[in-house]
Amino acid sequence: MVEIAIIGASGYTGGELIRLIHNHPKAEVKSISSRKYEGMDVSKVHSNLIGSDLIFEDLKSDSIDADVVFTATPHGASMKIIPKLLENGVKVIDLSGDYRFRDISTYEKWYGLTHTGELDAVYGLPEIHREEIKKSNLIANPGCFPTGAILATIPLSKKKLVDRIVIDSKTGVSGGGASPSESFHFPNVSDNVNPYNVISHRHMPEIQQELEAFSNVRVSFTPHLVPVIRGILTTSHSFIRENNDISSEKLIKIYKKQYKDEPFVKILENNEIPKLNSVRGSNYAHIGSFEVDETGRIVIVSAIDNLVKGASGQAIHNMNLICGFNETDGLNHYGLTP
Amino acid sequence: MVEIAIIGASGYTGGELIRLIHNHPKAEVKSISSRKYEGMDVSKVHSNLIGSDLIFEDLKSDSIDADVVFTATPHGASMKIIPKLLENGVKVIDLSGDYRFRDISTYEKWYGLTHTGELDAVYGLPEIHREEIKKSNLIANPGCFPTGAILATIPLSKKKLVDRIVIDSKTGVSGGGASPSESFHFPNVSDNVNPYNVISHRHMPEIQQELEAFSNVRVSFTPHLVPVIRGILTTSHSFIRENNDISSEKLIKIYKKQYKDEPFVKILENNEIPKLNSVRGSNYAHIGSFEVDETGRIVIVSAIDNLVKGASGQAIHNMNLICGFNETDGLNHYGLTP
Amino acid sequence: MVEIAIIGASGYTGGELIRLIHNHPKAEVKSISSRKYEGMDVSKVHSNLIGSDLIFEDLKSDSIDADVVFTATPHGASMKIIPKLLENGVKVIDLSGDYRFRDISTYEKWYGLTHTGELDAVYGLPEIHREEIKKSNLIANPGCFPTGAILATIPLSKKKLVDRIVIDSKTGVSGGGASPSESFHFPNVSDNVNPYNVISHRHMPEIQQELEAFSNVRVSFTPHLVPVIRGILTTSHSFIRENNDISSEKLIKIYKKQYKDEPFVKILENNEIPKLNSVRGSNYAHIGSFEVDETGRIVIVSAIDNLVKGASGQAIHNMNLICGFNETDGLNHYGLTP
Amino acid sequence: MVEIAIIGASGYTGGELIRLIHNHPKAEVKSISSRKYEGMDVSKVHSNLIGSDLIFEDLKSDSIDADVVFTATPHGASMKIIPKLLENGVKVIDLSGDYRFRDISTYEKWYGLTHTGELDAVYGLPEIHREEIKKSNLIANPGCFPTGAILATIPLSKKKLVDRIVIDSKTGVSGGGASPSESFHFPNVSDNVNPYNVISHRHMPEIQQELEAFSNVRVSFTPHLVPVIRGILTTSHSFIRENNDISSEKLIKIYKKQYKDEPFVKILENNEIPKLNSVRGSNYAHIGSFEVDETGRIVIVSAIDNLVKGASGQAIHNMNLICGFNETDGLNHYGLTP
């Protein structure tokens, strides 16, 4: 059994890692870290985990005894502990934004932090970077919005079909974390839709980095908070390059080809629309719509669970890749419908 | 007192007309029509109206005794009864789509119906067509999505600032009416976001008609059903014409000027975002965001209550205009927050 | 116009008082107090009130210039300012729990506070204490749960029909106020039902005080937080005294008689069940069910809006009584359905 | 591998059986039946099951080739096909109400149907009837409400502690099935709480049957529909027999002893309250509260997922018992929190 430690295990993504690895055939969580909850049973924080005998510890990054460490720590905290972990020969999967950018200055601009220095990290979107991931010791697990947005649009960029993409995303509230705030106060969220950071969300440059690697495309991104617990529904509006043309049927063909060997991406046909409750709790991404309107706009929609494919499930997928396991180990379950 | 009849009074918009006119100082609902519920107390259908003594009748369009008739009838049904009403000297406010298009062929294309013939109708968006409304006997009350979308973007078209507008709207479920269906089954809607008719919603040409009246602009529209009872949150993504430039501050100035005398439109400053629960139950439209990103995209957001400003409240506003009342009569109440 | 001041105007009940009095024909809010938001426009806190020109002040209780003062202050705070207000000849309607108990020791036991001393307050449930209210200068506005519970069960106590009543209430989250906390964090409330203080809620002795005034009855109370913004649905399970008997029809007769002149209480017949969205935003209480099972249990259900009939609407009803206005002034509007 | 057929596989419980058995180490779904969807891919109905190659068939009960058949058929339909299945040597787990009553006349009274005749069925609540289940070929899988209610209160009946139990249950909408209706129309459910069948729900006699087996106790039951997708939160109010006494600590001791070897029942201490999102998607039942008030009322609360522990998960637990598998096979995963 591969032994796992989780740093920052008291948050939603930490809880999901424990939940999912519990059913993994080849990995086992051995220790979980949280300064705040040190000494407490895991179930006092994650009420679904009653029965687990894990107890929060205050782990020190220089003495962690594990094969793989997941850092589910805040932006800025990860980069302070990861270099030490790597030195000690541990493989690291980082769920923060600290190592997602190939250009440190982009990180510093959008996150407003000084970076402690580049490391040899791979952007952990298996559908795009599988082979590099397998060889890496440090995976920068993608952001939740970028996962949904990139999967929905990267074939368009690869095919150089469009010159502008507008990502209009709708996220469940769990994406904002477990800490209460006015934005997540039930009466403010329920029966409401809240756009936020409409032109300035830090996931925008992450989407842009991956899409621009294939062609020159202008990317805009606007997230919305919706009264949903889990899930990101991404509506992408992409504009066909001048003098180009594309049909719905052709688009489906391109997407089916692009993702044909992917265990966690499903292409819906016949203009079917993905649903959040088809992927809830699972590592699947569903992609559908594939419509083209008379103004030259392509609409492609994706659905993921922000805490699974958008965070902890994808992190486990990355672990499976770097450890040489079957890609679907521990992730081979369907979504929760209804 | 102006005497009112409502045809199609058993639906949500019918119920809202009764609720709102109950507090109108100069108008009174005298009769309500519903073939299905003939003879029943209004409160058997609209449970909030306990205490009202209205009873559903099966009114005949050629013998209605009223000063103003609201037709809250389905598309296709309105155009069969309205000519007769007008002949009898009644003023009509139609909440269906039957008279919203200046070009009948657009209606026939998008609604798949043969029209019974043009009438001298005015598109009842007071903020744009106030003076024509005052002189008309037949008001085509705007669709719910178009109300939110047009108010959010028409100043851009008037100023010829943009050449493409993408409307990404999020609507509450009451917009779909009171009849149960799989799409509105609680487990299918809750914890979900459902894009539908992503390139083919019939409210698109309605938005286009009003925006194109001022400048040449390509309009795209994609609606989403969100787990909300009431309200439409419209996110508009508009693209600045080449060689143009505009700032957030300048946009706010334009919008404040455009709407300065409007009793029901409020412009939010400082990048504030409108909220559905600020307008719930009220006739207000809140417009905000006014952000411009580096790709030349303008984001403007509006919030309305789909059943009030998007339907019955706006219909009463139109009644106030054609009857010479104060514009805010019966509509002078705040939204329900939280 | 009667001039109103509101102390503690930044909370939900404060916002509701302003919203409702805005449409009152004989009263006007002249000043609103909030230390925290002093100097800010009311709409910065209550986003629905855009258009109002009220500004938060830091009012001092000894210099308030108003005919009626609503104290929407926390428990413990009200009793520190109300004596001074009364001395200055102001009429006071207190929305806290400070003056609800006829016996101070009950207050001190359940609220854990030392009381500053009894005053001549009347428990402001108009359906029970109308005549005393009219003559009083200090109204203790009832708690939200007690309002729904007492209206649903007091005829049973008056008729000495039952010896035990179990109140199982379900409340919307606005009952918990506008401040974020773990209990009201959207992912903890949504898709969930949370019983709390299952035997120890401080609204229990308030219910007991009013019911026991008419007969000897054991009262139990368990509240639940449900994923609803507004409204309290009270399910009362009452047990018929030994050797007694009662039918559904007889119960309805008793309730109709008890409430026949009440403008805000509606009795539903034919085993109809009250709905929260029939009373949403309104001052109505709907009472229904009236079923009796084979074990001798009576089930009576009531629905109110916790912020209106359960707080601010009832407070305005009380103001109408002490000022000699029509009882329905400012409250004569229907609930928001759907 | 044990081969499974599911009759009535298009409903929610059918979908859950497929979802859960997908991860079962020793059983496999070989065929699924639905007359309506014959020939269609399973994912056209259960959108989460994209990737499965199951296709709906119109199976005939006399020619089903399977080791175990789950009948997820409506009440009244099961009893028409089960005798034939048993004759052919198949083991049957019935999710309908047809075989839950030891006395056929109770069934006929509450279900309004004529029964086709008693069979040797065992009531499939493993925590109570484990040994009989192991030896049976026909399991009557318990109703969703009874599962939550019986687990919460049966130790009280066993110990003869109480003489009356009032079960006030709150259920998610999935309990009502996948078919749209006015009761499940989103605007009618959302922001609402709907008591129904307040004294006459057919799950009442089922609860009564199991509780009365141990002592003489009067049982009352009132269900409520809450705006939740999955889950049943049961609040039980039980009244201590005269001249008896019990403490919270003693109750916890009794419950811990009763359920100490149960893999799927967790007892919460320190007055903790079970949460629906701790058990969502899982087969666990959480039981907590254990409070006793001054009137002699005991409050015990349980939480289950109505589609898993309240239906399909419990059915699989029963399969594990009759097939001699480990009890937790296929069910060994945590709930989905948040």
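Per-chain numbering from 1; labels A, B, C and D assigned in written order.
Note that in this section contacts are C-beta pairs under 8 Å (C-beta built on N, C-alpha and C of every residue); 3 or more make two chains touch, one makes a residue touch a chain.
Computed from a prediction, not measured in an experiment: that's the story for all the values here.
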| item | value |
| --- | --- |
| Labels of chains that are neighbours to chain A and to chain D | B, C |
| Contact-richer chain pair [B-C vs A-B] | A-B |
| Furthest chain, CA centroid comparison against chain B | D |
| Geometric centre distance via CA averages, chain D-chain B, whole Å | 46 |
| Separation of chain A from chain C, taking each centre as the mean of its C-alpha atoms, in whole Å | 46 |
| Centroid distance [mean C-alpha coordinates] between chain C and chain B, Å | 35 |
| Gap in Å, rounded to a whole number, between the CA centres of chain B and chain A | 39 |
| Chain A, residues touching no fewer than two other chains | 12, 174, 178, 187, 190-191, 227, 229-230, 275, 277, 280, 338 |
| Chain C residues within the chain B interface of the complex | 12, 15, 19, 22-23, 46-52, 174, 178, 190-191, 229-230, 266, 268, 275, 277-282, 284, 286, 332-338 |
| In the complex, chain D residues that touch chain C | 164, 166, 168, 170, 172, 187-188, 191-196, 198-200, 218-220, 222, 224, 226-231, 233, 235, 237, 239, 271, 273, 275-277, 280, 289, 291-293, 295, 297, 299, 301, 338 |
| For the chain A and chain C complex, residues of the former touching the latter | 12, 173-174, 178-182, 184-187, 189-191, 227, 229 |
